[in-house]
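Both complexes below contain chain A, partnered by chain B and then by chain C.
Right, the complex of A and B next:
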């Protein structure tokens, strides 16, 4: 099955099995190394991608669902200028993310800041809990997200409501 | 390397009628909404075990809309949980926002759809009891009739797993209509001892209070696999009771729950937890009910 989609801003096309896991497809055919298969479909969140702007588990998405969709991974968003807000926010909160969860945390944080520049506590908590990794406490991750939101507001010159 | 596996056939209809035509032609086809259940069950590392023929509903826009109707709120079956949450707590029927928030995590809610949740064949989801209490109706479309068939969400007594299936082969849940009656309190508990999915207990309740009197109260219990238990007699008995409930009323309630959960003979833990949940619910009502006003 021929599937065309947009990967990190570039239109791509591939001939593959429709039931191939997106995780496997991206890792093997597009050399996307920031996503990991760890939990046997238990929702650990280490394989997150942004599908049309929403964070989703790439291990649960069959390839046929990618048709005409917009996909972003860490490789894509880290090349953007706004990525600096996330790095600065987590650094300021002293949240030193491990190499496994950092890409997924960055993606889910980016999705949050795209939808809400003034995220409330519930949104922050859900974002922090989207990735199950014990390298940092949830409170520290929430702090990092809040600070990243501050940097993003500053960049866009939006004041806090 | 992948050619050794048999590849499933995938269809992408754009309208409901196109979908029904396809399922009529391909009688063994399976609808694909969010696909969370099928994907999670698949144990292969590189491939997701799919049926031979799949009808993906991702392009059917009619199924992904929500609108107001005279009955209440009509929710398309392909609405994902996160999109439903974005509608806003004040617009959604009482309890729906909190219950959806308790399901899975953010990435999972981005994929899981309300129609897929209701069509689960292997277990009863968290929303089933709430939708039963809210008198929700699901609209099922079947290819043979070509038209619409409205059926109430069934109250399912303890019965064999096969018998509780809402859907026949080829039938499609198109929308869920939920009355937007105002309830003062919604209460949802999902108890999962030892994180064992086979021992789940779901308790859902709704209540309205007027002048310190319980004006309406509904409760549903589920063990997540055999059915939803609801006792309308005890609900009727509790209606009109002054708050806080007296010792006698509480005893009647406990006895009714023991009788109601009698089919869970081997699960005494769940029966006791059910009673505790009901007490918790009443306590919540009483805590919120100060000077006869719900806060």
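Right, the complex of A and C next:
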């Protein structure tokens, strides 16, 4: 089955089995290395991608679902200038994210900041809990997200509400 | 080996993990696992494999058929006897994953599941000193306690190993806390020279426990397939929950004879650890439990009977403190009970008990000159306002029957003390070895050579500061390389705080030496420092006396909780930890690590973080006079929190809660049976 979609801003097309997992498709056919296969049942959040702007578990999405959709992974997001806000935020909060969860945490942080420049505690907690990794405490992640939001507001010259 | 990248590189996914190793022509390998926990293979029918598909059975292993890790020998493949559910019976590899699975599913195995496998032995040890019987006869009071810890499984376990063939050379790609063990074991199994094998180590996923047997076993599997196929082979997958390794659970039955002042005269302890088919480091594990049981409280007469019961599950992983978690939980819970049944308040009892410590603490561990525990205790009690809160919660607990209406929450507060020995009790060279080199090149660059990558950014930054001060060198000129050369010492596992305590000491020693040599000898100069468990005092493993560890971290922790009377869920409100971690190299990172460890421990104890607010955490590092020594601080919350939490929950529920993890169901059940 031929499937066309937009990957990190570039239109792409691939001939593949429709039931193939998006995780495998992206890793094997498009060399996307920022998503990992660790739990297979939505348990870890290390395979998150942005599907039309929403974080989704790529291990649960069949390839045919990608048709005409807009996919973003950290390979694409990190090429943008706004990525610096995320790094600066987590660095300032002293959240030394591990190699496994760092891309997924950055991805959900980006999704959060796209939807809310002044995230409330509920949104922050939801975002912090989206990735289950024990390398940092939730408090530290929330602090990182808040600081990243501050940097993003500064970049966009938006004041805190 | 790969140097851990910067945060920006990690966040952008520009870091390669084990699954990224190997090229497109790498074969896919898979094991055929036993679906029964025990039995004897009567017959195995293997259909003709498709072209390019190869398989390996136990009888075809050229070298050793077992790996020896931490004192236990684990079979590479099942021979006739199946020892655990999920044990590998056969290995196969082929270019196509689906074809491979089809072939594996067509293998027919006749297993007599009535037959008992090997490995059903019970390891028992008794530790005795003095005359506990006489002390119990003369005791003012006998305090009894029962504690149970259920086994726990980290459901995010996966298996990734790649063996890349380059002619007769094997490059093992693996993620393990003990890369040093991989080369030796693979060489023994393949019956080839160690020089034909090199190991590339990758970051290890921080789960609940430490699993170093599975990556080594898997490396042997993938190397066997690679040897047979003469091609590179990868193992990649997530383990089914039924086959996962568990952190052992345990049951403790404790009795203590106490005098009129609440001092422990004697103790009788009986405990059983429930492990899988094998428990790597089992002797170390048992001894560390016993040391934890004593905690700080000297006891002249004791009789401790410990055993490890093996069940036909996957070999166990060990928790991060390798047994201290279980020992301190039981020992400090008993201490809390003695404190609450004594004539004084818990803080006074703890203070008086700790005040009597002079030359040695616990079973007979020599106290250092600057033994900080009393200072830590006083500080913890003061900052947490423990005495007032404890009196208030106790008052409410005792007057519960007089209350006319039930409040939404009851409160509780618990205090616990712990210490953590950095390194192994065992004097095994394979476990203890560590080495570090500093090379100053002609262009003024300084290379720090480490055998394994498991050193985080903050530690590297702290080390860079030490080197900048010692050698007056710019940060830009310092680089870290991670390699294990052929002739090098194979380093022991990066666990039990060895990285921070041992490697920091080696770095200091090497930097001092290099500072002396740099103006005397021609460049380049390489200084290597090696650790082989030297320079520490004697340790009597029978009497548990002497100096078992190079450095010891100390901590006093207090936890305040709320218990909902509607849902029976406990909610940690505040945590105070006063830690003596020697010289803290990177305070901010250390604090972040302690916080993460608190969160992990609370989850382990049954706290559902997803639905509740994380407690407010107060961490204070108490720097002792031994400025140069750095000690691990990230493991200690796992020794402190469970016992303190159990005490707090008991106060809030007014029930003798004895089991961890604490669940609403178990509390309701206890209330029914009161």
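In the analysis below, the second predicted complex is superposed on the first by the 160 of 161 C-alpha atoms of A that agree within 3 Å, B and C clash if a C-alpha of one lies under 4 Å from a C-alpha of the other, contacts with A are read in each partner's own complex, and residues count from 1 in each chain.
In this text, a residue touches a chain if its C-beta (ideal position, glycine included) is under 8 Å from a C-beta of that chain, and two chains touch if they have at least 3 such contacts.
This structure is a prediction, so every number in the text was calculated from the model and none was measured.
In the superposition on chain A, A:129 contacts both chain B and chain C. In the superposition on chain A, contact of A:105 is made with chain C only, not with chain B.
Contacts of A:48 after superposition: chain B is touched, whereas chain C is not reached.
Contacts of A:91 after superposition on the shared chain: chain C is touched, whereas chain B is not.
When the two structures are aligned on the shared chain, A:137 is found in touch with chain C, with no touch to chain B. Looking at the superposition, the partner that touches the larger set of chain A residues, chain B or chain C, turns out to be C.
By the touch criterion defined above, A:37 reaches both chain B and chain C. In the superposition on chain A, contact is made by A:73 with chain C only, not with chain B.
Residues 37, 40, 43, 129 of chain A touch chain B in one complex and chain C in the other.
Touching chain A in their complex are the following residues of chain C: 4-5, 7-8, 10-17, 19-20, 155-156, 158, 203, 205-208, 236, 238, 456-458, 588-589, 591-592, 595-596, 598-600, 603, 609-610, 614, 617.
Within the complex formed with chain B, the residues of chain A that make contact are 1, 16-21, 24, 37, 40-41, 43, 45, 48, 51, 54-57, 59-62, 64-65, 67, 108, 122, 126-127, 129-130. Residues 32-40, 43-44, 73-75, 77-78, 83, 86-87, 90-91, 94-100, 102-103, 105-106, 129, 132-140 of chain A are the ones touching chain C in the complex.
The touching residues of chain B, when paired with chain A in their complex, are 2, 5, 7-8, 10, 12, 35-36, 39-43, 45-50, 54, 56, 58, 82, 101, 104-108, 110-111.
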